[in-house]
Structures are given as structure tokens and as C-alpha cells.
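Take a look at the structures below.
There are two complexes below, and they share subunit A, which is joined by subunit B in the first and by subunit C in the second.
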Partner chain A sequence: METYKFDKSMELFKKATTLIPSGIYGHESPAILVPGSFPYYAERGQGSHYWDIDGNEFIDYICAYGPMVLGYNHPKVEAAVSEQSKKGNCFNHPGPVMVELAEKLVNLVSGMDWSVFAKNGSDVTSWSIQVAREHTGRSKVLMVSGAYHGAHAWCTPGHAGLIAEDRSNVHLFTWNDESSFHQQIEKYRGEIAAVIMTPYHHPAFGDSIMPADGWWQTIQKTCNEEEIVLIVDDVRAGFRLDPRGSHVYFGFEPDLVCFCKAIGNTHPLSACMGKDKFKNDASKVFLTGSYWNSSVPMAAACAVLDVMAEENSVKIMMDMGEKLMKGLEDLAKTHGLQVKISGPYSIPFMRFANEDNFLRNQLFCAEVTKRGSFFHPHHNWFLSSAHTEDDINKTLEHADAAYKIVKDEFGS
Partner chain B sequence: MNSEQVLSRIYLRAVLPLLEEVVGYDDVAKEMVKSWKCSIMLHQAGGPATTLVFRNGKCDALRRSITIPSIALYLTEPAKLNAMFQGQNVIPIPWMGFWHVGILAKFTELTKRLEYYMQPTDEVLSDKANYAFIVKLMLYAAVFGACEVANHDDHVASLSQNTAEGVLQIKILPDGPAAYIKKTGGVFSAAKGEAPGAADAYMDIEGVQLAYELFSGQTDAMAALGLTDIRIRGLIPFVDNVNAFLDRLSVLLP
Partner chain C sequence: METYKFDKSMELFKKATTLIPSGIYGHESPAILVPGSFPYYAERGQGSHYWDIDGNEFIDYICAYGPMVLGYNHPKVEAAVSEQSKKGNCFNHPGPVMVELAEKLVNLVSGMDWSVFAKNGSDVTSWSIQVAREHTGRSKVLMVSGAYHGAHAWCTPGHAGLIAEDRSNVHLFTWNDESSFHQQIEKYRGEIAAVIMTPYHHPAFGDSIMPADGWWQTIQKTCNEEEIVLIVDDVRAGFRLDPRGSHVYFGFEPDLVCFCKAIGNTHPLSACMGKDKFKNDASKVFLTGSYWNSSVPMAAACAVLDVMAEENSVKIMMDMGEKLMKGLEDLAKTHGLQVKISGPYSIPFMRFANEDNFLRNQLFCAEVTKRGSFFHPHHNWFLSSAHTEDDINKTLEHADAAYKIVKDEFGS
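For the complex of A and B:
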């Protein structure tokens, strides 16, 4: 099979580097993939597929890094978008759709009594910490080492442009390690405003790790006893494990929950939801942005929630993900290769079990991508409810060819 | 360690040993040392030492003390050592072998040859061979300097602790030079050339000009990666962290 070329992507990128620092920055930077083996610029998308500017078509298993959940250009979502766009997007006031969306979310998400909106995940993770500080009068925050909560100074994984004070109130503990958690609780007793955690651990460059038995119960009990606000960062997993919130999937009750990504099916929106007892604190913490009250993404989100309920999107994603990951595992065996699958099926990850340095995974994902299925070697993948059995079968064909190349190159 | 202490380590372990290369390349330096048969040890009180051994017209840099050097220069504080490397008039105390003090003046002359390449004029740089040589010095200073930062600088302590063990191989294409950084047993170390066996991360730099621009902070590395002029593969977080150590190195080294 003739594999894809990315000449136009490269040409445009060359121009971009003269105009834009890094050319493409952040999580979509080609530097964190395998440059030369991946597309740089997308042209259009439909369902579970998208096309790059070289005309290459991809079955998409990264889903815009999460925001695509029902399929690109989803008819019901886009109809809601175009209807709202005709009326307008930003005004001197929010649109009535803001109240409609808040009501839908409060009715849907378990244990949450109110909602506010912003644009990005980082907006709401940072704001939720302010709410916790306002509520407790304390300054410190505990988070899991290696977790990602956004690009703001207190949590960015970047190194540049930071000062020591940015992190001086943020302390780390290890996922699934109760003694490491309790050590920090004891060390900073009476000073901790919030514990912020993702519902399961999904670090880049690593396996996804589910909560150990009793982990969430320990966290919740300790937070309750110590009067620490428990914040769940459901930005990545939200609406892919359980539409009522990933805390329902894992069986615990947080105080505040942050959503983004899937909520708008590619239309920019994030939300922070909370329990009643934090509502007055939330009301005091200044929250705004030039575009944060825009109506179009909120109209999109209303449609997204409706479609998710109608079609049971989570089940489709789980089923398709299971077929994909079991298929990849079986195929690897036929090639005499060992892979390690981790994470829930709707947000899976795979790497080769006999390496920690990702060299095989980089080659494998590049070869699969060059054949038409977009896989990321270092970041968890995402399924959408638009993925079909046909997609999975085609992807397994791409994987078969790529496994062969890995086997030839590495031997095992 | 504070910045002065880290900087003195960088001078001793990453910069001073470059004399080894200078003596191998520079005709003026070669001429100076051709009859030298001595060892010069620089020792920072309570800190590291580097010994330069001269014989047969060559210089070997040992990143340690030796028992009986011909001459030992003792610097009481990191700040003094740093000032000396920055060209200020600091007189180190020769606490051993002061009868060899005549060598000291000559040694100072020799270090000027290092400066000639480390702070090159446009004219020096315009020579192709010099340019390639300077890039080699920059590469070696970078890998050894990055290790001093990673091992000792409080600013990067948690990053350095959280870096997985492994080997990063850096190579300037097509024919080198190459060098590698290794973390084993919690300690970073560097070496010239290619690492024995497979590395965990690779960084290939397309040509000496790009390498020069990269090491002198004149290029957008992320853009160069996207353009595939710099290629990294394997354990990318290792590369990323080394990059942070190098950024810190460039802040420390004036």
C-alpha cells in the first residue's frame, strides 16, 4: 500500500514558522508526535473521519484530543449551532440558552446543584481552586504527580516563564498511593483548600491507571474529615464514562466537577459544577472572559446532551473501543509482539509491553497513521459515537501492516 | 546548591575540560604545550576538582582530583572561582607545587585560547573548520553543563528527580560530533561520542549551522522539530527535561 505524504502540511508549516512561534504550539505541536509521519493541518471532518490539507483521510482516534465525541459535523449539533448563529453569538448579555444548558446539566450530573461556563478546561480548573480557597480560607492545593489540569502557571507541565511562587502552594502525591496522600494531608493539615484529581490517572507518556479498590473512598472520607474541597477534573473523561459524571462511574461524590472537551462536540465550552454549599462562594469569585458567555457553543452543548441521551453514546464508544483494543491485542499476538492496553475502552491507550522508551510505539503509530488511522504514541486515544465497526476493521488492517514493520525493525 | 556553587561546578567540569579539545585542534595551543609534562589541578574548597594532565603535546582532562599534581590551584569560594573564569583578576592559592609557579603564567595564556573559541569574533567564526570546532565545544559544554545543573541546581531539583533513568544520544549530522547524557542510579553523567548499546532517546541535529544556532539560543527548536531539522525519538520527556536543564545552564553561564 502506498502510504500518505504530507508535503502540503510541511510547506504550510514552513511558512507558519516565520509567523508563529513554534509554528504550531502546545498539545498539537508536531514535535510531540513523529514529525514527518503525521499531518500538521486539518482541512475538514465528517463523522469519525477527517481530511488533512494533503487530502489524506484519517479515521480519527484522537478526536481533536477529546472535544469530538459524537462525530465531526454532527447534523443535530450543527443545526443547533447554525440556528443560534443566525440569531447571534456574543451580546451585552448571555442568551437564554445559558439557563437552558445549566438546567440540563444540573438535572443530568449527579450531586451537582449549579453550573458556570467558560471556554477551556484550564479556565475552570483554576477557577474551581479559587472557589475552594474562598470556601476554606486556606491556600494549599494537592494534586497527583503527573496529572494534567491545564496550562495555567500553577499546573502547566511546561518549564519556561515560571517563577517559584507559581507552584509554592501546590503539592504532589502519588496516584493510588494512600500513604503518599496521607503524608501530604498530615504535613499541611489545616492549610489545604482543595484536592484536585482526574477520575482515573491518565498521564501522557504512560499507561492509564484506574483507581485501586477503596482509593476514591479514602480520598473522599479524608477530604470530608479535613474539610478539604474535593474537585474532580473531568475535562478529559467527562461524558465518555458516564453522562452523569465520571464520579458516578467510580462511585464517589466530589464537591466540584470540571468539564470541557466532550461537552461541546468541538464547539468551545467548559463548565464547572458544584454542590449547593459552594454556591455563595462561587458567586463571589470573579469569573468572566470576552467570549465566555457566547451562545453558540452553549446551543451546541444542549444538542450534544440531547443526542448523548438519545443514542447512548457512552455505550457505543465503549463497545467500539473494546472491539478496537481487543483486535489490536489479538493482532499483536499473531505477530509475536506484546502490547499493553490500559484505560477505559472509550479512552484507551496502548504501548508495547517490552519497552519504556516508546520507540516501538512511535514507529507503530506513525505507520498506522500513514495508512489512514490516526494513533498517538504518547497520549491516550479517544473513541466517538460516530466510530463504526467498518472503521475498526479498516484500522485493524492498518495495524496489521504496522505491526509487521515493528516486528521487522525490532524483532520482538 | 545555590547558583554560585552550581556555576563553579559548571566551569570546572564542563568548561575547563574543553582545553582537551583546544589543545587537540588549535595550532597556537599545540605549540604552547608541546613540551609540557605536568598536571594542573583546580580545586574548589569543599567542592569538585578538575585535573588537566599535559604530556606528549596532549591534554587529558580528568574530572577529579589526583594525589600529587604538579600544581594545585585552590579556590576558597565558588564566587572566586567563577570570577576567575569570568576573566577577573583573582589569584588562586597554589597550595601544592608552588615551585612550579612559572607554569601558571603559561597556563593562563593557554586558557586564552579557550576563550578565543568560546567567545569567537566574527572573523574566527567565518572559518569553516573553526565553526565546526566551536560547535563541538558547545555540544560538550552543553551535555556536561546540563548534568551539573541536573545533579546540583535546586531550581531543577524536582524535575531532575522525576526524570526517568535512561540515555539520551545527541548527534550532529551527518558525521558528528556526538555526545550523550545518561541518568543511572539517580545521577546524571555525560560523555563524548556514541553511547555503547542502544539509547532510550535520540536527538539528531541536521548540520553544524543549526546546531550552532540551537546551542546559542538563536533558533526556534519547536519549529525545527516540526520541520524535521531536529529529530527526536524515544523517551521524549527525557529530552524535554534536558532541554530545561540547558535553559537553566544558559541562565547561569554569563
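For the complex of A and C:
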């Protein structure tokens, strides 16, 4: 079969580099993808599919890096967006939909009594730490080494433009390593305001790692004993494991939970929810942005939550993800290749088990993408509830051809 | 005349406080407005007018605190939004409109060679400081006391949840005070990465203060000599003084300029632009957010810039603002009241000259608002190009009635 060309993407990217530093920056940067084998610019989307500016069609397993959860251009979400847009988006005051959304979330998300809204995941992870500092009167924060909590100076994975003070109160421990965690707890006893963690560990350039037995119970028990605020960064996993919060999926009770991405099905919104005991502190920590009270993304989020409840989106994503990942695993075996599957089925990742350098995975994902299924070689994938069995079957065909090329190139 | 009631706003706000810390937070917080005299929730908008959930209609002189610049529901902007929305908003890649917008901005904004995009003003003011730190290898930042650069920890006007390290490298000087500026320059010589300033001083709870003669020349000359990066935070004033950047209006040349608010006419977008010499540094400082490459607000911004060029929006805003402020000044005299007008006519402010406590201004703005023109007693106002002479005339009628009440209450 003829594989895709990306001439228009490459051409526009070349122009972009004259106008924009790096041309495309951040998590969508093509610097980490194989040049000439991936699209750089999106034209339009529908359901689980999108088209790039060369006219290539892709079944999308990255889902805008998470924000697409029910499918692009979802009829019920876009109807709510359109209705609210006619009224307006950003005013001198919030719209009534802000209260409606807060009520829906408080009723839905387990153990959380209130909600605030912002635009970026970073807005709420950073704010939640300020709330914890206000509540405890302490300065220090513990986070997992390699975890992503956003692009603010205290947590960015970047290295440029930082100063020592940005992180002098942020201390690291190792995921699933109780002694590493307790070591930091003991070292900074009485100084720790917050422990911030994702519900499971999903680093870039690595396997996703689920919590070990007892891990969350240890974290929660220690935080309670030491009066440390336990913050869950559910930005990436939120609404893909359990609509009541990923802490329900893993069976623990955080103090504050941060959401973003899936909450608005591509419409820009983030939220921080918390327990009543932090509400007074939350009201004291200044929280604002020019568009944070905008009604359109909140109307989208209300529709998203309704659709998720109606169709049981999490089950669909889990089922489709399971079919995909088991299919990829089985196919790899038939080619004599070894793959390592990790993460929940709704947010899975795959790499080749016999390499650390991702070279097989880069070739594999490039060849799958060039045939019409967008896979990322270094970042976890996402399913949506718009993915169908037909999508998965087509993708497994693309994977079959790509595995053959990997086998031919690498031998095993 | 019957004045407005805000029963539904008050009722919904009461419910909101059970679900959201403070009910409404940040710059839209009603805590600083007169209870019962202002709307708390917006229902819809059209042109220079909006309606609250009680059905009250307002001529809007706050303009969503800046983001509304051409009028709510502007036909050309919303047509661009609708067309892009059908294709989609947030994908695995930017849309081609990102390059189109960057090109428009680079062609329009004076002295700037590249652009990046984000969501909040704070996103770009904070990032620009990282770029300056990367460029200079220095840590310290000078800013004007009382200036607003966003809600990140280094600059928030809030006090809760902060730690000493958030601001240990941020040092203050006084607007229009050359000796205060030079004192800090000398104290931290060789350590200062950036000076960040708004194009004129627009503090809350105070008069707007234009730059004194030679002020910007002093700032620019010193920054050049000391190899300090001069950052202009044009978030609030941008596109309301000169479409080429407010630095053109005041006649100086910054290194980096931050935009937000007016750029998208209520659609969420911010931008940082810079000179070529910082492009390499900019490409190194990690910059990302879940929705930062979204196409809908960029399509809106392209349309906004086109409309601004077609209709000369700045002139309209300046003319309408002049008519409003001169009218308010004249009317005050006829009532025997003393008012102080400040700021550019497109972003004006008014207070009573014979008080420091804003009590007259609170009563005046409440009474104007209750008659159908939204005025804020403590925050600068905004004009849009949708404001008409008829709007201004109606507002002056509202002001006439309100001045009478102030005179009756305060005597002078």
C-alpha cells in the first residue's frame, strides 16, 4: 500500500520556524518525532479520526494528548458549545453554568466538596500547592521523580531559564518506593505542605507504572499522620479510569484533586476540587485569569459529564484499549517481536521490550502513522469513546505491516 | 426611574458559595463591589451591551476586564470562530492558522520578529522572564510596585500560600521615579535578567499614571547599557492604544512584549513576541499547555486583527472614551462635584478627587450600574469599538442621576 506523504506539513513547518521559535513547541513539538513520517499540522477532526493538511486521515490514538475523550466534533458537546457561544463566552461575571458545573462535579467526584476552574492543568496544580502551603503554614512539596505536573517553573521538565529558588522547596521521591518516600518524609518532617502525585506513574520515554499493592495506602496514611495535604494530579488520567476520579479506581482518598484535558472534550478548562476543610484556605489564595470564568468550556464540560454518564465512556475506552493492546501484543508474537504493554487500557503505552533507545518504537510508530493510525513512540496513548472495533481492526492491519518492517530492519 | 434588581444574581451567588470557595473568585469577585447593587452572573452579550441573569441590560464599560474589544458576538469574529469550530479546536498538532496568526502579528507589531502563544497573560509574562534569565544567565527581575503581571506566585497581588523564595529575586521600583529605578539597578548590577513593566501604570484602587517625559527613554537606555531584557506587559493595554503595540504609542523599543485580552475578543489566547536575538533562548525554554495550540482562538485573533485594521478600532475607542470622560467631567462640575479622570481614553478611569476611600465612587458606580451602565469603582474601565455615541449619551444620563445621589449623600 502507498504510505502517506507529509509535504504540506513539512513546507508549512519550514515557514513556521521563521516566525515561531522551534516552529512548534512544547508537547506537540515534532523534534521528538521522526522527520517526514509524522503530520505536523491538523486540518479537521470527526469522531476518532482527524485529517492533516496534506489530506491524510488518521485514527487518533493520542486524542490531542488527552483533551479529546468522546470524539472530535461530538454532537451533544458541540450543541452545548454552540448554544452557549450564541449567548457569549467571557464577560464581567461568570455565567450561571459555572454553578451548574461545580454542582455536577461535587455530586460526581468522590469525596470532593467544592470546585474552582482555570484554563491549564498547571494553573490548578500550582494553585493547589499554594492552598496546601496556606493550610499548613509549611513550604516544602514532595513529588515523584519524572512525574509531569505542568510547565510552571517549579515542575517544568525543561531546564532553560530556571533559577535555584524555583525548586529549592520541591523534593523528589521514587514511584512505588516506600523507603524513598519515607526518607524524604523523615528528612523534612514538619516542613512538608503537600505531596503531589499522579494516580499512576506515566512518564514520557518510559513504561507507565501502576501503583504497587499498598502504595496509595502508605501515602495516604503517612500524609494523614504528618498532616500533609495529599494532592492528586488527575490531569492526564481524569475521567478515563473512573468518572468519580482516578482515586476511586485505585481506592484512596486525596485532599485536593486537579482535573483538565478530558473534562471539556477539547474546550479549554481545568478544575481543582477539594475537601471542605480546605475551602477557607482556597478562598484566600488568589486565583484568576482573563478567561477563567468563560462559559463556553463550562457548558462543554457539563455536556461531557452527561454523555459520559449516558454511554459509560470509561468502559468503552477500556474495552477498545484492551482489544487494541492485546491485538498488538498477539501480532508482535506472530512476527517474533517482543513488546511491553503498560498503563491502563484507556491510556495505554507500548514499546519494544528488547531496546532502551526507542529506535524500534520510532520506526514502528512512524510506519503505523504513515498508514493511517497515529501512534506516538515516546508518550502514552489515549483512547476515546468514539473509537470503534472497526478502528481497532484497521489499526491492527497498519501495525501488522509496521511490525514486518521493524522485523526486517532490526531482526528481532 | 425604576432601578435594577439583582435578586437572581444574589440567589445564585448564595448557592455558589456552597460549591465554590468565595462563590466567585479573582478579578470578578463581587467582594469588592457594593452588595445588591451589581450583577453577579452574565447571561448573554451583543455589541457593547450585555444582560445579566435578572434580565437587566448594561452598556458595558469593563468589557470582560479587557477581552471584549470589538463588541460581544462580533459577526466577523464569530464567523471565523464558527468556521474553525466545525473543523476542530485542539488536536495532536497546531492548525495552519497558528502560522497565519504569527505572520500577521510579526507584520503588525513594531520591532518584534517572532511570536509564541499560550492561554493566560500570566503564562507569557512568567515565560518571558524565563527567556530573559536564559538569555542573560542572571536571576533577578525588577518590576514596578503595584503593577499587575498576573496571578503566578512571583507576581500575584494575593498574599496567601506564598513562600519567601517565590519573590526573593523580584525587586520593586516606583513608577515614574528615576532615582528609585536607578537605585535598584545599582544595587543589583550584573544580576538583573529583566525589567518587566506595563506601558503605563494602571493599578487597581488608584489613578492610571501615564509615563513622565523621558521615563521610557531612561528605562530603555539603562536596560540596553546594562544588557537587561526589557519586557513590556501589554496584556491590558495591548491593541487599545496602538495596534502595533503600546510601545509605539509611547515611543520606545522593548525586547519582548506580552499580549492577551483584546487579542481574541473573548476567545482565550495570549502571546509573547520578541526580537530575533532572543529567538534561540525562547526555543529552549519549555512552553506548553493542553490547549495552547488550539485553533479556534487563533482564528478569532486573525479576524480581530483584520477588523481592527478595517475599522480603525483604536480611533473609535479613543473617540468614544473621550466623549464619555469629558462628558462625565462636565456633568460632575454641573453637580458641584470634583472628579479625577486618568488613563488613556480607550482605557479610562474616574474617581472623586476629594476622597481616598472610594466611598463616593462606590455609590456613584453602583447607581450608574443600577441604571444600565456597568462602571467599576476600583478598576480601570475599557471601551470597545462597538460603543456608540448613543451608548455614551445614555450613560451620561445614568451618570447625571447618580451624581445627584452622590451629591445628596456626601454634599460635595
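Quick note on the criterion: the second predicted complex is superposed on the first by the 412 of 412 C-alpha atoms of A that agree within 3 Å, B and C clash if a C-alpha of one lies under 4 Å from a C-alpha of the other, contacts with A are read in each partner's own complex, and residues count from 1 in each chain.
Operating definition for what follows: a contact is a pair of C-beta atoms (placed from the backbone, for glycine too) under 8 Å apart; a residue touches a chain by one contact, two chains touch by 3 or more.
Note that the structure is a prediction, hence the values are computed from the model and not measured.
K.L.:
State whether A:110 touches subunit B only (first), subunit C only (second), both chains, or neither.
P.N.:
neither
K.L.:
Just checking: does A:205 make contact with subunit B only, subunit C only, both, or neither of them? Give me first, second, both or neither.
P.N.:
Touch status of A:205: first partner only.
K.L.:
Would you check which partner chain A:36 touches, where first means subunit B only, second means subunit C only, and both and neither mean what they say?
P.N.:
first
K.L.:
Considering only the touch criterion stated at the top, classify A:357 as touching first (subunit B), second (subunit C), both, or neither.
P.N.:
First partner only, subunit B.
K.L.:
Determine, under the contact definition given at the top, whether A:152 touches first (subunit B), second (subunit C), both, or neither.
P.N.:
A:152 contacts subunit C only, not subunit B.
K.L.:
Touching A:160 in the superposition: subunit B (first), subunit C (second), both, neither?
P.N.:
After superposition on chain A, A:160 lies in contact with both partners, subunit B and subunit C.
K.L.:
Using the touch definition from the top, say if A:338 reaches subunit B (first), subunit C (second), both or neither.
P.N.:
neither
K.L.:
If you stack the two complexes on chain A, which partner ends up touching A:22: first (subunit B), second (subunit C), both, or neither?
P.N.:
both
K.L.:
Looking at A:378, would you say it contacts subunit B, subunit C, both, or neither? Reply first, second, both or neither.
P.N.:
first
K.L.:
By residue count, which of the two partners contacts subunit A more extensively, subunit B or subunit C?
P.N.:
C
K.L.:
In the superposed view, which residues of subunit A touch subunit B and also subunit C?
P.N.:
In subunit A, positions 21-22, 24-25, 40, 160 sit in both the subunit B and subunit C interfaces.
K.L.:
Which residues, counting only subunit C, touch subunit A once they are in their complex?
P.N.:
Spelled out, the residues of subunit C in touch with subunit A are 12, 15-16, 19-22, 24-28, 39-45, 50, 52-53, 60, 62-68, 72-73, 78, 81-82, 85-96, 98-99, 102-103, 106, 114-116, 119-123, 126, 129-134, 139, 150-153, 156-158, 160-163, 165-166, 168-169, 235, 260-261, 266-268, 270, 279-295, 374.
K.L.:
Which of the residues in subunit A come into contact with subunit B in the complex?
P.N.:
These residues of subunit A touch subunit B: 10, 13-14, 17, 21-25, 29-32, 34-36, 40, 145, 159-160, 205, 356-359, 362, 378.
K.L.:
In the complex of these two chains, what residues of subunit B are touching subunit A?
P.N.:
Within the complex, subunit B contacts subunit A at residues 159, 162, 164, 166, 200-201, 220, 222-223, 225-228, 231-237, 240, 243-244, 247.
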